[in-house]
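There are structures below to look over.
In the two assemblies presented below, subunit A is common to both, partnered first by subunit B and then by subunit C.
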Partner chain A sequence: MLTLKQRWLSGLWKKYQSLPLRCLISTSISKGKQSKVPQYPVDPLITDEICESDTKIDIELVQHLEKLSLVDFANKEGLLRLQAAISLADQLRAVNTEGVEPMYSVLEDRSITLAEDEVLIGNISDDILGCAKETLEDYFVVPPGNIDYIPEDSYYEKLKDDKT
Partner chain B sequence: MKCLSGSIKNAVQLFKQKQISPLEVCEAALRRQETISRLNAYIPNAVVETTKSEALLSSQRYEKGTPLSPLDGIPIALKDNFCTAGIRTTCGSNMLKNYVPIFSATVAERLQKAGTILMGKTNLDEFAMGSGTVDSIFGPVKNIHRSGLCYKFIDTSGEAIHTSAMKPTGGLEKDDFYITGGSSGGSAVAVAAASAFLATGSDTGGSVRNPASFCGVVGLKPSYGVVPRHGLISLVNSMDVPGLFARTVDDVAAMLAVISGLDPKDSTSVPSNMKTFELPESPSIEGLVVGIPKEYHRPGMSSEIIDVWTMIADLLENKGAKVREVSLPHTKYSIVCYSILNPCEVASNFTRYTGVEYGQRMNSSQSMEAMYALTRSQGLNNVVRSRILAGNYFLLEENKEKYFKQALKVRRLICQDFNKVWSEKVNLLLTPVTLSASLRYSEFIKYDNRSQTATQDICTQSANMAGLPAVSIPISLNDEGLPLALQLMAPMGKDVEMLSAAKWIEQQVGYPKLRVIDT
Partner chain C sequence: MRIVHRKLFTVKTSKFYSTVNIKPALYRNVWRPVIGLEVHAQILSASKLFSRVCAKYGAPPNTQVGIFEAAHPGTLPVLNKRCVEAAINTALALQAQVNKVSRFDRKHYFYPDLPAGYQITQKDCPIASNGRINFIVSNPASNPKIYHHSVRLVQLQLEEDSGKSIHDAEFNRVLVDLNRAGLPLMELVFAPELHDGEEAAALVKELSLILSKLGTCSCKMEEGALRVDANISVHKESEPLGERTEVKNLNSIRSLVRAINYEIERQVDILEGSGMVVNETRRFDNVSGKTIKMRDKDTIHDYRFMPEPNLPPLWLYDSSEPNYIPSGSLDINVVRKDMKELPEETRQRLMKEYGISLENAMILVNDNSLTKYFTAVMAQNQRQARLVCNLLLNNLLGIINSLDISIENCPMAASSFGEVVDLLQNGLILHAIALKIIHAVCVDGDSRTPTEIVLANNWSKFSDELIDGIIEQVIKNNFAVVEKYRRGKKKVFKTLMGKAVAATESRADMQKVNDILKNKLDEE
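Coming up: the complex of A and B.
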């Protein structure tokens, strides 16, 4: 295997010379001066620096997250995707952020214009209700609430089976 | 019709001289939309019924000599995550498949008031989550380059001598195609194929610049807050910006003038003075300090990208700019940081999709919670659901500090890197947009959406973290006949100065025009 630098040395300049845009550069910068663009990667991939994450997901966690999210994973693939997302996120733990304040907004250093407290649009309740599938008089209609969503019995069994 | 693939200025001049009418251009644009229909750039069945009558009204305004703005009569397209009153707005998702908003996005409203003609809504990754425009319920969008459609390249006159006429334009074998990039792929194709002069996109991690670079058009991500988000269906509130597509920098500038400015309906919009500006005829780069962030040479970046980057940096240096190597050491973390902040904001934003007030609803007699869960499972694709789950994981009481807060701190470090560079009198940064030219669909789908986004947004994401303006400019075609592009970034609020330098580069490189041959 050639290293990246060797690949650069062998192949890059040949290609560079042959590109049509080359004619744009009347006096070549490479005479005596070097281009400011680095010709090989400067930073390693961060995955090379940090060992793999050790976070594991169990069925209880899955159930908890599904309840919070009101969605289901439904399969092993979904579990793996979550695991992968967490592994990626774990790479950030290596960054030293001591004494750094969290940044919520890029507009933090300026005043944001507040809207006047006045009604700009009104009398559109019919339009708004018109977007809903089920309404009664001026209300949106839903089935009884505050009942935990329980997927069918076999659901988590299936997830466990998939895992093994 | 030649005028269709020309500049806005040219079209408007012809309107004013009554050599051609907005209605005629509109009809030509509709024919073009038909010609490129198999690229899947537009949301099907969403052809705007009012299109021709709007164009007729515009024609009458020119007859009377009272055009509404410098964009009157210009065909445009909107990404289908901008709400349009009375016109279905789907976000490429089952959840909103039949959703007809009762209001229009501020951007859509401003474009309408300017007299532009809406040609249609464009296809996108579901809820703008993706970097390929392959995850939409309407199917993937195909890049026009090497699509099998008939087109040719025309060299612009000028000093640059391109050999674009000799670049391959034939279709790929076995139904394969090149991706458009994403998530605003439909808009990029709509503009590249000249079915519209202008299109909006949305850019949260590179969703405008990435497809602009793969499709050979100009893609602008304005400074955060300069263009209002009201009516742009939210992905990540703290990073989303409406973006702009056009074939030339001047056209992008003309659109920015119309859609920028404070909006009382958007608490994160900021005042700006971009309402009336025109870029100089021949911009100068004399004395401009251009930084080359060395860390943007990422492992795995293709040599042809490094080549164009090197050439334009050298060109700038030779023609009077001061080019310097600079360091943005935390940029390499922006993707990982984004992989936490995006799901966190998504988990919060997407609680609105319950099926109760609008959108798809699956009925369940069991309970409200069951109805929500069924609706969301049916309505949202794997990618969206995964992000909601991941977000809720990162936001768990025991994880909040470790993931969410840590990511927000890294966000500050990323921003501080930029501020340090600006304080050293650097005016602009020049970087690649993507790791390579467009990829074949067959290659792209080997990896899932999450890892693709992590790879593809690597050069673009940090601008969203810091709220900076950034623009993708097409530079040249590679041996496969695919566009190669570069990105300029500038301090917040310096959108116009950045576009001026982009125009200079555009004039120097003379990127060839793609002309579709209507069948």
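Coming up: the complex of A and C.
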């Protein structure tokens, strides 16, 4: 018998398989070692039909998310990815979690390892500042904040056209 | 457990001053202000909260930045043991419950001084909750009595600080220094149980005394080590709480008091003009003494809190509990055993051991070095505490303050000061001479002992026989005036007294001179 935790993880895995993100979480499979993550779906009950998302993606939602993330993604590929992410999350609703305490992480029963309070890293400001596009007297230079996100005039028009 | 502790506390304090709750004054007879504080205290540690990068104050820009604070992909947080201990220590000092399991969350912002785009903090499961701070409010302006106040600590959480931004308006750009990014903070959230700026100031002063004593925070407000946000609202007594505003980043006690009092007045003005107070974030402008609406907060923030996936929960255990299981990162009891004497306990001890007043105990405890100086003086020769307090707090402090020297670097050692007290207490010198000695040592840099100074300057007090002889002489030399006095013109006594004082070179007890002179005049 598989535990609920394992079933849930397998559900996640199944969805991730269909996404390019897969490469990110499969890195634990290395030379000859067996991954702890189940490779195949464990709970046959969770099907695409059950998971069909009823979250509506409209322009307002896209606008809000773009503003929060400061990322433009209102194109076909971006919306597809958003839809996939929402469906992935929606799977959780299909799992019966009655009487199960919510988990924060899979390492719930372990405590943080604490480090001694000692300075082990010296001044690496050359390396750190070397990554910056612009610096001034060892400060990072950035544009002034609080600029409202103003999309191009035709941006959302184009999005509507894309959809139809 | 907590309630029992509190009861003990009140019983202990009631011996010395009233714990009767004083009803706070209403503003313009109608309005009751309600204030809650959130305090960010930087934890005094060698390295940052989640990385082993130096945490010293005042380094050149971006020289104390590791790859973690710069949010390079793949970097992971490693929690600092010292910071957890400091948080537990502070929580215990504030009678809070240290939670056996606490968790970390991500709070998202998009600011250039926060490269990861989120701050690691503790929201729902903080390291400690449900504490209390007791403090003394002394505000002669609104209340002649010193009174005791107590405010609930809702929670204490660990979180990382952000970097610093310098706004360069001329070139329309922002300069960022990430040295502060990732420094450890304790956020202390207090319940809205304060009623004016002075009470808020008293809370922050007591808190910084406690944190300094524990060594968990430097409490240097001028360095931003202790920053206060105040939530302020006013309402009518019979009505529910009013809409509140939040004044952010108050970095001195003075601006805390001014900001709160200004904000109370502003809100009352609005409400009396039948306007509405808007829930908003404001900042205090030191120059104008006004609070100003902050520009960037007019849109409601969506912090998108989520559990921090890179940190497992923090489990703690307490070996003082029966049947404890020693599993977790730290033993709370080890920190508890290391607890220092808290400022209130020191006050109570000084008052009990030496019989000094609460006012004097408060002044002595406000400065750790001063407490040490006082106890060092009192340790020998059964010195009178009242005399020591008077000479120390009124005279020595006055002189070194005017020289801008702290008691720590006082040119007069406690042993030397004690010698002055002994001379005074044994009637060998007068109070005025004691001042002269202190002045000689502190201002003129005289390196001799007080006794040597007294002998060298011939400053010792005149004995009764000596005074007797001098007055005899005064009477002889001013016979005409004495005759006038004896014929009933009592007014001339003052003239004779003046002559006697001049003859004693201010080295005799005036009361004694007065008595002896009177006796001699009335004798014949």
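Everything below uses one rule, namely that the second predicted complex is superposed on the first by the 111 of 164 C-alpha atoms of A that agree within 3 Å, B and C clash if a C-alpha of one lies under 4 Å from a C-alpha of the other, contacts with A are read in each partner's own complex, and residues count from 1 in each chain.
The rule is simple: contacts are C-beta pairs under 8 Å (C-beta built on N, C-alpha and C of every residue); 3 or more make two chains touch, one makes a residue touch a chain.
Since this is a predicted model, take the numbers as computed values, not measurements.
When both complexes are overlaid on chain A, the residue A:P38 reaches subunit B alone and has no touch with subunit C. Contact with subunit B, but none with subunit C, is seen for A:V95 once the two complexes are overlaid on the shared chain. In the superposed model, A:L82 makes contact with subunit B only, not with subunit C. Residue contacts after overlaying the shared chain place A:V119 against subunit C, while subunit B stays out of touching range. Of the two partner chains, subunit B and subunit C are each touched by A:L70. Look at A:Y104: by the touch rule set out above, it reaches both subunit B and subunit C. A simple residue count on subunit A separates subunit B from subunit C, and the partner touching more is B. In the superposition on chain A, contact is made by A:V142 with both subunit B and subunit C. Applying the stated touch rule to the two superposed structures, the overlap between the subunit B and subunit C interfaces on subunit A comprises residues 68, 70, 104-105, 107, 110, 112-116, 120-121, 124, 128, 131, 140, 142-146. Subunit A makes touch with subunit B in their complex at residues 4, 7-8, 11-12, 15-16, 19-30, 35-46, 61, 65-66, 68-74, 77-78, 81-82, 84-86, 88-89, 91-93, 95, 97, 100-107, 110, 112-116, 120-121, 124, 127-128, 130-134, 140, 142-151. For subunit C in complex with subunit A, the residues that touch the partner chain are 45-47, 51-54, 60-67, 70, 72, 78-84, 103, 108, 110-112, 165-167, 172-178, 295-296, 302, 304, 307, 309, 311-315, 327-330.
The touching residues of subunit A, counted against subunit C in their complex, run 68, 70, 104-105, 107-108, 110-125, 128-129, 131, 136-146. Those residues of subunit B that touch subunit A in the shared complex are 99-100, 102-103, 159-163, 224-225, 238, 262, 264-265, 267-271, 292, 294-295, 297-299, 301, 303-304, 306-311, 313-315, 317-318, 323-325, 329-330, 332-333, 336-337, 339-340, 343, 347, 354-359, 361, 364-373, 376-377, 380, 382, 385-386, 388-390, 392-394, 402-403, 405-413, 415, 448, 450-451, 454, 465-467, 475-476, 492, 508-509.
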